[in-house]
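Chain IDs A, B, C, D, E and F follow the sequence of writing; residue 1 opens each chain.
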Amino acid sequence: MTRPSGRAPDALRPAILEPGVARHAEGSCRIRMGNTEVLCTASVESRVPPFLRGTGQGWVTAEYGMLPRATHTRSDREAARGKQSGRTQEIQRLIGRSLRAVTDLKAMGEMAVTLDCDVLTADGGTRCASITGAWVALHLAFRHCMKMNVLASMPLKDQVAAVSCGIWQGEPVLDLDYAEDSKAETDANFVLTGRGGLVEVQGTAEGEPFSEAQLLSLLGLARQGTEQLFRLQRSAAGIG
Amino acid sequence: MTRPSGRAPDALRPAILEPGVARHAEGSCRIRMGNTEVLCTASVESRVPPFLRGTGQGWVTAEYGMLPRATHTRSDREAARGKQSGRTQEIQRLIGRSLRAVTDLKAMGEMAVTLDCDVLTADGGTRCASITGAWVALHLAFRHCMKMNVLASMPLKDQVAAVSCGIWQGEPVLDLDYAEDSKAETDANFVLTGRGGLVEVQGTAEGEPFSEAQLLSLLGLARQGTEQLFRLQRSAAGIG
Amino acid sequence: MTRPSGRAPDALRPAILEPGVARHAEGSCRIRMGNTEVLCTASVESRVPPFLRGTGQGWVTAEYGMLPRATHTRSDREAARGKQSGRTQEIQRLIGRSLRAVTDLKAMGEMAVTLDCDVLTADGGTRCASITGAWVALHLAFRHCMKMNVLASMPLKDQVAAVSCGIWQGEPVLDLDYAEDSKAETDANFVLTGRGGLVEVQGTAEGEPFSEAQLLSLLGLARQGTEQLFRLQRSAAGIG
Amino acid sequence: MTRPSGRAPDALRPAILEPGVARHAEGSCRIRMGNTEVLCTASVESRVPPFLRGTGQGWVTAEYGMLPRATHTRSDREAARGKQSGRTQEIQRLIGRSLRAVTDLKAMGEMAVTLDCDVLTADGGTRCASITGAWVALHLAFRHCMKMNVLASMPLKDQVAAVSCGIWQGEPVLDLDYAEDSKAETDANFVLTGRGGLVEVQGTAEGEPFSEAQLLSLLGLARQGTEQLFRLQRSAAGIG
Amino acid sequence: MTRPSGRAPDALRPAILEPGVARHAEGSCRIRMGNTEVLCTASVESRVPPFLRGTGQGWVTAEYGMLPRATHTRSDREAARGKQSGRTQEIQRLIGRSLRAVTDLKAMGEMAVTLDCDVLTADGGTRCASITGAWVALHLAFRHCMKMNVLASMPLKDQVAAVSCGIWQGEPVLDLDYAEDSKAETDANFVLTGRGGLVEVQGTAEGEPFSEAQLLSLLGLARQGTEQLFRLQRSAAGIG
Amino acid sequence: MTRPSGRAPDALRPAILEPGVARHAEGSCRIRMGNTEVLCTASVESRVPPFLRGTGQGWVTAEYGMLPRATHTRSDREAARGKQSGRTQEIQRLIGRSLRAVTDLKAMGEMAVTLDCDVLTADGGTRCASITGAWVALHLAFRHCMKMNVLASMPLKDQVAAVSCGIWQGEPVLDLDYAEDSKAETDANFVLTGRGGLVEVQGTAEGEPFSEAQLLSLLGLARQGTEQLFRLQRSAAGIG
């Protein structure tokens, strides 16, 4: 079997995490996974959503977008169409949940961080890249708050990163690009913490149902892949 | 450990699937899982969406809604607010994917079925109940088409049903109701086929991350639960 | 003359009012008029709309919806389309006005009740059935508030019920079903109080204009029909 | 009893119908009923709505609007708010139905007329004034089509006009202005044809319910009022 | 060269400014520039937008609309379409900026004026006519506030008026009507103050680019035109 | 006088135009003007808008967006808010007009190009930078079409570039950054062609009105600035 990308089944795409790329944001990171490129920014605000006011607790939320020509053929601009698609909303809910899973919201105090993940070029795996890059942006934003004496300590309890895996021609492969993703029989996104815990598992059969054994081998690949991503995150965040 | 519901860890809520409840629909099923009650209807149309015209292939899609007072406190009516929430869109996409996974779209010919899943009373597990009930509605609608000589054979390749499981006070439990769901550390929805294949796995850590072992024990419970649901589906569809 | 339904000109359809059907609502009633079936819930909130704040007065409002497959052919879901139709808004304004007409808003104090009328199956007369059923839901919700010591006395001053009448093949008939309604020359909805007062009269010529005499004979039928509905309401509300 | 306006109970406000005021429209009429002023235009298009294509039948529809400062205090602009209110939709549906009631849609052939009724100044009775003025605009537009040989004969079968009446301090009065309307116990709009038939009756109790006798006395006043309006319409349309 | 309108290159269309035409508004003016007719009203409110609260400063803003049949062929009603076009928003922003340029916002105190400019008939130059007419409406509204002792002095520092000019068949002409505007090679709107200052210049090449010399000759014509408009404004405002 | 930026009055910010940065687009250019950074892509489609079908003529249109954290403090995402602001629509209309001014739409044949200008970092002058960068993207897209034999010759008739100038502390300065723009008394955008023609002039007095002499000196600066931009465009397009 040769993958369309020519990569070994357990090979991640070349991954680059570039911190501090957004001039105005409190934290930011541009992540490239092969040809996929996402700009993640973390914006700090001193106001929490209504349901948290007076609780002393903070909030982390995410928004996701794609430039119209991030894709092979131009997609409609969601702002022009007047609403975000179901896919967009599903992805931004996932990013938000994943980052909140490693954040001590109480330690934040009443402050909110919005993570904007904007896809500049799409070649598969944009939601996973968003999570991985957003962690760096969030870490940098929190550090900025510590430097400004707004926070006494780092509210992040652990790292979090994500990678997609899939069954391609019957075989489990790591980190699908667009060409692979569109032909995979099964597609699964794993969100894992630095200590190896599972934050989110989303497996979907595109054609035939998959088996428990297949699910486990995909998870094994995801562990390998995220290990590398955790190292890159630490290096980008300067805590390597 | 005693669950809030008093059920054994591996006990499903009392489940009732009542077929043919909607006067006008080609197929329908009211499903009750404990206090959760969802009305599923299948509406057949001879027109497919634009991207399928001329392909000879059919389509199955789903919409999900909740009556404003299905919940403990009244929720806004989405029609009045002017848009469907991200949660609603995420759920209806899941239902659609799950049912398409067991449908032979080519065998349908150019015809479309819309599955409407409307929650009359909500007490946890509404998306899973929707999938389980929608299968019966879809089966009955296809049978109606066969009787009308619109279809030569049944396009359903297998059964599909779903159940949610969770880690509650450290222990895996089956079929969470609302009280349990809101306190579970981990919540996972499993969509399984009659032959035991996995169609969709969605696990989310609400608090602490979960482990691979926990994921597997949840999957084990889901298998038990869906076995019972498959029997109820067959009986409701009159193919028991 | 034989009506499509076979009923005598002054015969109501079999009417069933089932109270307390919604688990979470403060008051509820499922009403069936023949094949028309509407679920009415009353939700109590301690906040009134802005224009009433500080006046010591309460408010009663209504929302109306129809499940997509309540009708012969599936209708678009209003939540998916992103707005309520003119028809929906017209109906929910009518229901709200009708119920306010028999409510002592001052006696309520600053509290609001939302009446949700959701049509599960439509076979003509859904707006009238909504009004008749909503009165029971509202009565039960107010009684619940009295039991909870939130209200000292019942703010309902009278009963209110509605029925549609029409000119069918030149003859006045009571309680049109869908088949009759779509062929009636004139269609009129009457909202009457228990003491015989008129709250709302809406007569519309579908074909030829109608005469004053015809309007009066329709009103006579409506009086007969609502007399029966008032009895059923009292029985459903347990005040028979 | 003295009405706020000082008028006799059966006195219409000074009514002026000015035809041909809109430079571009195929037919138009500015109607003043006292201080209420509505600009009605009829726009002819050769395309009918989808549900009529190929039927050889025409259509008449209406849209209603109010300039933001037509009212005592400025109202939000519906275009800026992004949707038409329920009240606006209810009114434009009523205008459309009323004009279709006197139009021979088959005689029109496949052509559509849109009646735009825009309130320049509001002082009560704007929906009734819209109907009365729209009839003149529609008549002129049809005559324009006859002159252009697009129509062989006049598709209007009769005149139609509307007036509101009410119970004010217990007494029936004709043609309510804003001050009267906001204090009337009952408010009823009557749409009548030139031959005396009823097209639409909409009576609403604002406070106490009303009686059959009151409804009839209001209808009597409406007949008197519309008689005068029919003369003014014929004169404005040049068919007096 | 003869302009389609037959006017001399430097001739304004017949201009009529009629003050006080809107019964309810604090200030109003109907302006006609040839066949173009715009109704301008000024509505005073004691509440400023959030960003000005507590600053002691006032605000002037504008909204622009067009009746559906103000144009040769009927345009969609923006309220029905559910949003204002880009053109509408561009124009109302321009009107607001232009009027604020001659208003001493501090002298207003915390009060807001909304200028509604609604086009009753369109024949080119509607945005310019709106600005010219809105100044009169605003002046009258401020005078009303002075009479009511809400304002101690007139917050208008100067007059402001606007006119469009264009290059038509190579020659600069003043005050384009619709027929001229649609064939002009260049179209420029000038907003000028009574003392001759420039508030806004918007020149657009419709075909070939224009030269600096052409821009200047258009500006020269605009000066001539606005001189006449300033006189008409003073006369309409009664300060001639 | 020293400008906040320390630049000489007639000094452009460091300008970098990087062609071909978007992997999927037919043409693209990332433009930096100091800290302002805009990504411009040109997407070719073989379908023209309805009003051009069958005319044999092409179309060029533009959309403009800003990443939420392109600005000092985060702005709402327009896709989430459900509509584009008036400012966004005004800018994208300007970009489209400017590029059409130098395009031979007939020579394009029935094909459409959408120019997406997305601001990655905003520091003043984003609309001007968008125009300048979009020209390069459009040129490259047309060249791509020539290489693919879809176009026989280059439909661009000339170059087009834009720059903003302003009066700052009484003195005309070139190419305002955000700090300068927010304090400038007058702000003017000039869109010029390679041959020196004016395509668009938009001058706005932010405080005091400006004079004709000032307008001319700003135009003089704009000529200087665009000369440099034209050279950079040619170099980026490889036609230097």
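Assume a contact is a pair of C-beta atoms (placed from the backbone, for glycine too) under 8 Å apart; a residue touches a chain by one contact, two chains touch by 3 or more.
None of the values given here were measured: they were computed from a predicted structure.
Least step count on the touch graph, subunit A to subunit C: 2. When the partners of subunit A are compared with those of subunit E, the chains appearing in both lists are F.
Interface subunit A/subunit F: over half of the residue numbers present appear on both copies, so the contact uses mostly the same residues. When the contact pairs of B-C are matched by residue number against E-F, C-D or A-F, over half are shared only with A-F. The distance from the centre of subunit A to the centre of subunit B, with each centre set as the mean of the Cα atoms, comes to 28 Å. Rounded to whole angstrom units, the spacing between the C-alpha centres of subunit D and subunit E is 33. In subunit B, 82-83 are the positions where the chain touches two or more neighbouring chains simultaneously. Because contacts link each chain to exactly two others and close back on themselves, their graph is best described as a ring. For subunit E in complex with subunit F, the residues that touch the partner chain are 83-87, 89-90, 92-93, 97, 101, 188, 192-193, 195, 197-205, 208-212, 215-216, 219. The touching residues of subunit A, counted against subunit F in their complex, run 22-25, 28, 35, 39, 41, 43, 45, 63, 65, 67-74, 77-80, 82-84, 88, 114, 116, 118, 120-121, 123.
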